[in-house]
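Below is one structure. I have some questions about it.
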């Protein structure tokens, strides 16, 4: 009984963003008759996918108390690498995909090396990578979009004319993130490091190695996000996903994680990404003027998190 | 809440008979596209159509999202001002699946069918800019190019057109090409810096008017006189500078006219009328002589 | 003369009723001791007097008038100064700055750094610590931090001074200094609330004692009440033996340290710890005991010498290698180095054993929970459940968690740095019994402690450190408090190895 | 003697970025003959000014352990408000300037209220403000630039044809920031809050009020930066200073501050801003290709901070 109450309570407490999402969905259903259709909701899913995948990767990093500003650029670079290796040296697409994922992981490893061994603040290391990866994407593509191999572009399609593949990929990556965070040594170590790095170290956790894994995961997730994004457009763009890092971080934080580390869940991040996507979709459906949209998005983000903090305060 | 000053919803009575049209603009962070939108809104108002404008913020995937959302809203026609010609195909296809005609405005769509493309060619514009600058310089001199955001189609096409165009003048040397991200402040800073390393330059091509205006600030009294400046877009501020003689020319694409024609085409398409595959809105070079022909709003 | 009075204070936290209608009266010119088991509610009580918490019910009277203490600032204005159980220092700032925290001296609206400095020098002299006021607090050892805390509270010239376990991390020398300060304040008419788990201190410094149990006051007695009686009031049952050490036969040497040195910190430290043995490491604050322990465990590097654990030589500066060789370390600074405060109890208890409980990358979380539940039970951690955040545990219960996670790990050689800091008498005996169990099963324990009776009562051999060197070794039979102290201070006059 | 050594040491330790700046300047002097002229160095100063002023404001926030993502947008909004109130209702320019500064301060106060009373994470509160302020700038200006009043535009001029006013403003604001941080109660409270918020609270510091002041200062500095920026162009642009927040934060962190709070100095921030400006200037002088520029900037930022962390490690 007591355990049950406890569980129910903590589940709600940790998913405060869910309340905000529900409120938002209800409000939009009332305001726009177009909102609550299956097609539109699937659209929202598709539109959330890239941010959500980036944010799942970002959750790892934020749980350890770090930050990854490079995810948008790394996504673009990975996609460009895939398209380029398939087009120019003409690698078969599965190989090109592997190369692209490796590029994402390597970017993450470079970030981690700078942070763990170079003792750079994560903000600076990943800001540097933001520039480097974007620059390399431009250099490789010579600034022009490169068509994606057809086989890979199916990632942007829908299965049976209904279920969009990006949504599927998002769910798979989300589940993967949840399992890593909750069930694996790597994930538990992330929470310990983010909670108290020194205590983690003195408990026998190899902090530097865990950071390598953490940022590598973030880079790998970014690569997947980049491939999904490019597939949707059937073309890899050197400028793709510019500025997505802020959205990804916002999704993680809206989902209840703390930038000072030790806290955060995949499910919360998912809800955070959905809030952002629902919001953008709704503003389009309601035909809010472009200039006001930024204001409204800002206000709603603040309100969404406010709902969450007020609920928590009310509970304790 | 559409009564905002930027007024994205424009509805009226007759003509267009309350046809719902969606328009996704690549960015509203640039006066050029603001004019494009204004032209479209004026036309929609006149025809009595309802026009919904969204801002893709230079993000191709957000643009796809917006077109999908238009489809959910059962728009009768969609005007697509692509962030990127190649990346616009999925957006156009999304509309096609929903049987909604698409009018491509300002930039074409590669890899998908659209009902009409209303555009003025950026590459041609770049060539015109090269010719104009060459004339201004008497076919010889040193020029610098202020580039837009690396990797964007506008920067690419205008730069390409200019590079091709300037080749015809072997005595003109491009001594530096540097990015200033379509931004006026950066135009000012980059031009200032380039003047340090290339004091002998006598010509500037900026891939948009904003950067050109920044460059003019950097050049001070030399702007338009010792150093000839050619911009791109023909924005109100740009045309004012042309009139004042600090900018020598701006390749004007008449964005308002473009927006107007796109809406006219969209209404026709929505009614099921036949429309031409391409409409070219003439590119005009605004110079000190002819600047008064251009509308400075 | 009655100065401060609390009536019917009640405070509820999610899942616990921490205080259930407690009354307290403190007179001017007395030292009023608060006594109680870990989690009895002592810290919660004083936090309501200092403005850190607000009571759900009850009121506080000062000079007979009801006062509302909403913030720490209110308490300061009313003349109430508090030394909290957990340090409230800003690590990045200098000692001088910390001593003036929140009320820096000002001149023409600007902070007067010169006067701030002078004030710091004066205050530090008053508590008798020798530190440069410009040193960042982060660089101080834990005992010095405590002395800075004390100096900071003295700076307020308060009428009521509250001290929550100020002696927990101090050695005998500092405790004496503190007591002489307290006596002087008492003569000046200051009302002092004093919390301690060291029963012998009560008679030495206290006037009256209020005993708390389970959030209720169970009695107010004079300070000269016999210890047995105090224990009975506090725990509800008598404790027959305070130091139940069962000495056995020492076996193989498990830990061998030879010629260990780090420039300016310690040098030429050699000793060994055998299976079945408890070796005590005594010394004054700053003697370098913690430094040696950390170097042995691989938490810090060392320059010379070597460490051998069960025949293996873990690489220097490598915690994991040291752990694999069979070493464990319970650090002295539980907040900074021991606990993940934002995580729950179960998670913290499982931190060390997590690697071992991992199969194919997956952690056996239910197994981990079961083991944690067992240890929590063994140590009598007072909690609402394993899912309680460690941050919300009482200080002593937090300390039990730090010890608990190493008990679970079953390390061959366990180094305990101030293991019973802030732990109540009842629980101490439990921990001593666990130490007995460890040594009986062939493990070895190196125990650093500033609590001399504990060192004497529990060790088989006692090593004494002073100024970064080992200055002597005493067997349990020959050791006395005076003997150890004589060694510990002997070298003080001599040159320093830095 | 000892005191002297102590001082010298800490001065160097706290200005590690200075070493990076010197290395950069020396390298650029060798690579480009145009770099080391008085005019060019003054240009660098002008180009650093806006970022530096934003970063001084950001230093307050970062010292308290917060972050302010809204500075670029607030700068733009303040400038637009100045230009608009001077142009449309036709306020006299001094009044318009005051209104504009007040707008900046109010934006900061809203941030702080959300953070201190609404318990929003600073990242989210200021991200919301980033959107809101930018949106309002667009709404007020209808998306088009507004000319600045001539009197104010002199802020973009040079005095005696030599000394650029933006440099002067930057130096004044920097000195102001240094004095506030080092010598005032408010400044010392910022360090206490950033170092240990609970300790600050229990020492009688009114944490919420201090946060209000901190973010208000950041907003005020952003307004000044926005006015300087608009003065340089003689025109207030709704899109001005977009993305400058990352530059400003980078300058603060390169200058030695820690995003976890409690550390940071005005002088360090100044050096950080100079590093960024010198870098951009140098890349222009060297005519590095657009695609490679981002890569080079990223690499140099990472190296600059690496130099600093390695020096510190060597010293301790």
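Letters A, B, C and D name the chains as they come in the text, with residue numbers starting at 1 for each one.
Convention: a contact is a pair of C-beta atoms (placed from the backbone, for glycine too) under 8 Å apart; a residue touches a chain by one contact, two chains touch by 3 or more.
Because the structure is a prediction, the values reported are computed rather than measured.
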Pair exhibiting more inter-chain C-beta contacts, C-D or B-D: B-D
Geometric centre distance via CA averages, chain D-chain C, whole Å: 43
Approximate Å spacing (C-alpha centroids) for the pair chain B, chain D: 33
Whole-Å gap between the CA centroids of chain B and chain C: 70
Interchain centroid distance [CA atoms averaged], chain A/chain D, Å: 29
Multi-chain contact residues (two or more partners), chain D: 138-139, 142-143, 290-291, 293-294
Interface hub residues of chain B, defined as touching at least two other chains: 4-6, 28, 150
Residue numbers of chain C (touch at least two other chains): none
All chain pairs that touch each other: A-B, A-C, A-D, B-D, C-D
Parts of chain A lying in touch with chain C, wherever the complex brings them together: 3, 6, 10, 183-186, 188-189, 191-192, 195-196, 198-206, 262-263, 315-316
List of chain A residues in touch with chain D within their complex: 67, 69, 114, 118-121, 123-125, 127-132, 134-136, 138-139, 142-143, 243, 246, 249-250, 253-254, 258-260, 290-299, 301-302, 305-306, 309-310, 313
Interface residues, chain C side, partner chain D - complex: 50-52, 71-73, 76, 82, 84, 87-93, 97, 101-104, 106, 109-111, 113, 134, 152
Partner chain A, residues of chain C touching it in the complex: 14, 297, 299, 319-320, 323, 329, 331, 336-343, 347, 351-352, 354-355, 358, 361-363, 365, 385, 387, 405
Residue ranges of chain A touching chain B (in the complex, touch as defined): 34, 37, 39-40, 43, 46-47, 50, 137-138, 141, 143-145, 147, 156, 229, 232-235, 237-243, 280-281, 284-293
